[in-house]
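Here the chain labels run A, B, C, D and E in written order, and each chain numbers its own residues starting at 1.
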Amino acid sequence: MKTLLQVDELKVHFPIKKGLLGRTVGYVYAVDGVSFTLREGETLGLVGESGCGKTTTGLGVLRLIPTTSGRILYNGEDIARVKAQRMRELRREMQIIFQDPYSSLNPRMTVNQILGDPMDTFGLYPGRQRSERIAFLLEKVGLSPEHGRRYPHEFSGGQRQRIGIARALALDPKIVIGDEPVSALDVSIQAQIINLLLDLQREFGLSYLLIAHDLAVVEYICDRVAVMYLGKIVEMGTYEQIYNHPKHPYTEALLSAVPIPDPKVTRRRILLQGDVPSPIHPPAGCHFHPRCPKRMDICDKERPPLTSLTGDHQVRCFLHA
Amino acid sequence: AAETSLVVAVDTPPRMMNPHGDDSDAGLSFMANFFDGLLQRKGPDGKLVPALAERWEHPDLLTWRFYLRKGVTFHNGNPFNAEDVKFSFERLSNPEVSEFLNTGKSIDSITIIDDYTVEIKTKTPIPWFANNLHQIFIMDKESTEQRDPGDVMIHPIGTGAYKLVEWVKGSYVRMEANENYWEGAPAIKKVEVRPITESSTRFAALVSGQADIMTGVPVELFEKVKANPKVEVISRPARRSIFLALGNKPGDPWADIRVRKAMYMAINEDEIIEKVMRGHATPAAQIPDPPTIGYNPDIKRLPYDPEGARKLLKEAGYENGFEITLTGPNDRYVQDEKIAEAVAKYLAKVGIKVKLDVKPKSIFFPEVSEGSLQFYLIGWFDGTFDMGRTYFKLAHTRDDAKGYGGLNGTSYSDPKLDQMLEATADMVDPAQRKKALEELNKYAMEEKIVWIPLHYQEDLYAMQKDKGIVFQPRPDRWMVYKEIGVK
Amino acid sequence: MTKPRTRSKMFHSFLHDPPAMAGSAILLVFVLAALCAPWITPQNPYDLQQVSLEHFLKPPIWMEGGEAPFVLGTDDQGRDILSTIIYGCRTSLIVGFSVVLIAGTFGVLMGLLAGYYGGWIDVFSMRLADTVFSFSTTLLAILLLGVFKKTGIVTVIAAISIADWVRYARTMRGSVLEVKEEAYVMAAKATGARDFRLLVRHVLPNAIPPILVVVAVDLAVVIMLEATLSFLGVGVPLTEPSLGMMISIGKNYIYAGMWWMVVFPGAALILLVVGINLFADWLREELNPKIGR
Amino acid sequence: MTTYILRRLIQGVVVLLAVSMICFIIFRYLGDPVLTMAGKYATQQEIEEVRRAFGLDQPTHVQYGRFIWNALHGNFGKSYVSRVPALGLILERFPATFELAFTAMLIALTLGVGLGVLVSLNPSSWPSRLVMAGSLGGISIPTFLTGVLLIMIFGVYMGILPPFGRGETVQIGFWRTGLLTADGLKHLVLPATTLAMYQLAVLLRLTRAGMREVLAEEYIKTAWAKGLPPGKVIVKHALRNVLIPVVTMAGLQFGELIAFSIVTETIFQWPGMGNLLLQSIYETDQPVIVTYIMLAAFLIITINMVVDILYAVLNPKIRYD
Amino acid sequence: MTESRHLLEIQHLKTYFTTFEGVARAVDDVSFHLDRGEVLGVVGESGCGKSVTAQSIMRLIPEPPGKIVGGHIWFDGMDLTTLQPSAMRRIRGDRIAMIFQEPMTSLNPVYTIGDQIAEMFQLHRGMGRREAWRHAVAMLEKVQIPAPHKRASEYPHQLSGGMRQRAMIAMALACDPEILIADEPTTALDVTVQAQILDLMLQLKEDFQTAVMMITHDLGVIAEIAQRVVVMYAGKVVEQAATLPLFEDPKHPYTRGLLRSIPKLGERSKKGRLRLEEIPGMVPGLLDLPPGCRFEPRCPHSMAVCREREPELQDLGSGRLVRCFLYGT
């Protein structure tokens, strides 16, 4: 399969300003050297600790926030460096579903306008087709055409999220970055949306970068999964490798904490001990070492390298170095 | 009860306390209290009488000799003598401090004959030289030279009846009586002059009892003030005439004397006086007022006759009228823009389309100096009581080299008039001069209609009734407080 | 299908909002009166042949000395007050709307660009704003009068517009600085919208409410400024008085008890301004779907 | 932010240069100052002599260059009318204007914002409507008329407030203040009210409009959910979010009030700078005009800078760097 | 109606929104109750009125366009629907706290999260600024925010989605409320943090007998912490049961559909990717609801009667309620 998107050592640092005079007193190393590839027709899951830089990665890849360094190759073209005009053209092919649906919807636009707007931008679906397309999109995400005339604040959380999904799909993109696209949906709608995404992928060869916390959903949808911790990818591999043979202690802890929708099952969670480290002052050595149940002497001194295991499986841990 | 202090609300603030720096009536009105000239004009009729000079002689056409008053001291105690006179007159030609450049430059030499005698020689004969001397104030040589030039601008040291106590710019000028004044200490001991430019506020100051005297009562309010039992109003015929200057550039319809006449006749001056001026003006048939040399009582106004005017226009071939722009100031004379507006309406009624273009005087007067106007409203009076100077300035063909026609705003030109005028330039014999000027005046007003005269203004004052103030306004609008008495 | 629906929705809400209806009714009356002035007034106060000092300072018809057809009395030049108000509205409306249109458009544009792009556009336009604002309308009017040598409505409009756009530009910029940080702007950018679209469809509508306030108030301010210029002697021609000029003339007669010269044009002006603001208030709230009514 | 302020200061200097240059360019149209300086009866020659004496015969750029050179040394030239340093003339009147403007602004801000808040809470109640309509009176009556009416009512008929001037003042250093005497304060009432009425309306309307929008926001719901009393919700949580346009306007108006309350100062014969400016314009007092405009520009630049900094204080999302 | 022996009892609550198109009956005759120290799960179709119910309890429905048009909400002897605003205010935040669904828009953009949390302590605990701030930082630490003393002075837009959500949680938990309404509190949290937050809530429940109304889509979460579950559909409660029986034997066809739609962890590796089961059809618009059972158009067991009239909520005993004709009339 063709590599569609290749991200190399992406870094996004946010300066921390203090006081009225706004001195920069440090940086949030939100994304600190993330590399991955996304192939055509593939779904890559991005999971990890809340606040570890998943959203930032997504936004950075689309150049919606300035990146600090790194290359983002889309079809071989480094979009971290292309001109604004070209970037705009590219955006048609790369869409994003925002994590916070409400604030990403223009409060003064009806849903029809919100969905029609990107089409107008690129002159797609002119005339009658426009309303048909909107109706089609609404139906696909489980809303009725009557909803099109309403404003975002008149919807429930899940409904807003579906509007965001519909908007991202409006332009028939090639890549969709979904930042928690189904988090606010009840399971039946969620199933509907997931099926939709998979159908689209099958039909048009879409690629997804899926950021999600629901590991069951990730397992279900994703071909490969990347696990992030504090600005770095600590483990990456196919869903089978990650779910059935997790190598990194953090991945293990994560998987053990998934709640199972069966009240009879009680599971043994790996409880992570210790202070949660912050991306402002990442711990020396392995970022995970302060909480790692399998900590070794070396862990607080050196940065573990990303080690390739069998196949695509990579892990950043001295246990496997 | 007799009050010895006075608050006066005047319409114009002083610019500075340098007696030579401001030749406007408003400025001189302040200076006249702090300073004295060699001569002075006494209210209420404005007769020229001695002041710092006890008497003067005019031995030949160019020479003026003054015998100075002895025992006069300046506010700072310095004695007054010939040095101060020489100094003051020489100062006039310093453009940095003087607006009396013209007077200064006309002087050839100033000789101190002794401590109390000065002789001034002019370059050319100036028949009205002495007439102007009440405006030329004498400063103390020593302190003026010693002081910082900036201080001289704000701190007057003169021989006048009042000493400056405090001048807070924009607020008030406070003065107190000079107890050693050579004419005797004035009756009013303390004066606070408050310049209030906005007429309705000035009026409010008076009726709310915050001011004792107010100058420049707006005509709209005159009747109202009059009806106020606490307030007394005084109207005084002023010397200023208001008139319309009309160009005569060949080719313009109004260069035709018939058209000029028609325009004259179309204006209902009586109605203007009655309705626009509320009766506070007298009709004028010429520019100078009766006391002025050159005033000709024979000149009569053309009658108001719109029918006749229309006929004349028809004769001249302007049956359908023409367009003309009437320019004028809107912040200079009493009801200036209203008069202009009324004129525009009268002319419209005989078919002349008037475009009215009134503007602040600061923009208007430079336009007059440029001389490219068609038709404008202006007012005039001459402090020298001699028409010659006025005519040179207003009617002589423009001649920058000689300094003629500087305020001939339409660039009016009539060779015969110029000739007659130049002939009067060195006429000093009063009788001869009077005759020549009167003839000239008649020629200008009747044969040429150089101007369309409108009226003489009246000055309107108001004061508190029960304060026991004895106040008679002067013809030159100066407020000279030593002339105000208390009952 | 959707468009007419939203429009009818606005119309419906309009019909249920008495203040808005009152406001637009007032506006409509004023505009109609101004348009039809020659046919509805007893006198053309701008025609010097029709105005005569003969009828000067007549009180309103119901007072002693009042006289037909001068229903609201006459001014000191014999102009019929009612007719002059109607004609004067014309001038005032023309000045008001022209300035708001010219200054508003330019200012909003500048503010939008300055706020959105920042950088040198911001520096340039805001320093330009500082510069012209330093001259203020009054001074500009006097200066322009000096330059054009002519009083007139164009001078007045130009003078007021030159300084007035700053109000819009700075208000707009302030709003845009806030709005451009909103997530939906980023979202729109993510759909590939070009800057023009972002600005016009996403930033502008969300930044506009304060501008609507400013517009409505500014109309009054401009009409007043025009009056102030008349007061200072640099306003519209004397023979073609505007509402402001009428008030400025009438002001001199207040103490003389000739109140009708001030009260009627003043009332007309207040009514006009109230009308505009009522309408603008409604429009502003109507444009925000979140404000339930 | 320090660099920001520094940059703004440099820009300010450029503005001052531009402002003064424009002054010199348009002075040609503003009438010829020499005409009045030479006196009524001056001949053309004498006029030219005066012109030479004041260096006004030189080309505009030479005059301008000289002005700037002198200005750099703190010398802004002498007034043509009163022949004393222009800057001193203006600064002498600054306290009067500042006190008036400040008081007016204080009234306008407290009442405008205060009433704006109150009115927004219950927009359709009768008191609210009354306030809104009343505020329009403030802007639809020209200042000069308001002034005259106030003088007539309070100064003449009721006789309780002085109709004009500044009253008793106290000199403290270079500052002559009217705020410390009862008489001075009494004199301040009418002009400050006149000015404030004009400014109040727009601040009130902006506040109200902003409040109406913000009160519909989600975070206001949160504030209520916290159990905050209405005062806190409104003043702390809502108000700050509406202040940006209010502060913008207030800044502009404060600048305008200080620099250009010409009409009010004229009507009340307030010995301030506006009064002086008008007089100077009418007398073509070029040095005073240009100095005045430069001072006005300086004030406006400063105020706008403060406003821009306030933006960042009010809304942390706004950052300058 | 009578007072309730429950901590919170909602009786026949109706909250409607008036829109231009018509009246949206977002919550239509909803009744349930909540006891001290109990965790009640509320699940349901997205848009079925869960958040509106929650906001009705807090009396935070924007009015207009919304309005509580009927019913009672009993809390501690008071009917919240008619309570004076000032009395309501004292309850909010202190005795009943709520975590809002949308953390970004629900946090005030111009205040630091520390400020916003500290405000709770100042308001309800009368603490001074400093002390309140210290407590706020402690709260942030409790909700697993790294470097809490630093984060406390950051503004919402500087935080990640999960952190904002945790800030909201911290705010709600600040005053140890008697009732905690949590509207999808953990959607933006990764599972380890989520687990810790859930523990925190359970801790609160233990310590203060706090009752939790947990609105969530994550049936895993429900399974883990809820004792009872209310299932809503299109503004109505369609089923109510204790957790275990509900998962084991869902009665209402909608509940059944719901449980079947869940992707199960590990299933893909075992069985490959099977298509997720959907409930066919679409949620009816709230404006033109079908006259009969609201679920009927999508129901696999649709009967004639379902189209005619609305089924009543049937009591099947042992606290089990279901709204379906399958279980009698």
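The rule we apply is simple: contacts are C-beta pairs under 8 Å (C-beta built on N, C-alpha and C of every residue); 3 or more make two chains touch, one makes a residue touch a chain.
All values reported here derive from a predicted model rather than from experimental measurement.
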| item | value |
| --- | --- |
| Chain labels contacting chain B and also chain C | D |
| Pair joined by more contacting C-beta pairs (C-E or D-E) | D-E |
| Chain whose average C-alpha position is farthest from chain E's own | B |
| Rounded Å distance between chain A and chain E, as computed from the means of their C-alpha atoms | 26 |
| Cα-centroid distance, chain A relative to chain B, in whole angstrom | 88 |
| Chain C-chain D separation of Cα centroids, rounded to whole Å | 22 |
| Computed distance of Cα centres, chain D from chain A, in Å | 53 |
| Residues of chain E whose C-beta touches two or more other chains | 62, 102, 104-105, 157 |
| Where chain B touches two or more other chains at once, by residue number | 200, 204, 331, 360, 363 |
| Set of chain C residues in contact with two or more other chains | 142, 146, 181, 183, 232, 251, 254-255, 288, 290, 292 |
| Chain D to chain B touching residues, read off their complex | 30-32, 35-46, 49-50, 53-54, 81-85, 89, 92-93, 96, 148, 151-152, 155-156, 159, 162-166, 169, 176, 266-272, 275-276, 279, 281-284 |
| Complex interface listing, chain C residues touching chain D | 19, 123, 126-127, 130-131, 133-139, 142-143, 146-147, 166-167, 170-171, 173-175, 177-178, 181, 209-210, 212-214, 216-217, 220-221, 223-224, 227-228, 231-232, 244, 247-248, 251, 254-255, 262, 266, 269-270, 272-274, 277, 281, 284-285, 288, 290-292 |
| Sites on chain C touched by chain A in the complex | 1-2, 5-6, 182-184, 186-194, 197, 201-202, 205-206, 287-290 |
| Chain B - residues contacting chain D, complex | 13, 15-16, 18, 21, 23, 95-103, 105, 149-150, 153-154, 168-172, 194-198, 200-201, 204-205, 207-210, 331, 360-363, 365-366, 369, 389, 393, 400-403, 406 |
| Touching residues (chain side chain B, partner chain C) in the complex | 199-200, 203-204, 218, 220-221, 223-224, 268, 271-272, 275-276, 330-331, 337-338, 340-342, 344-345, 347-349, 354, 356-360, 363, 367 |
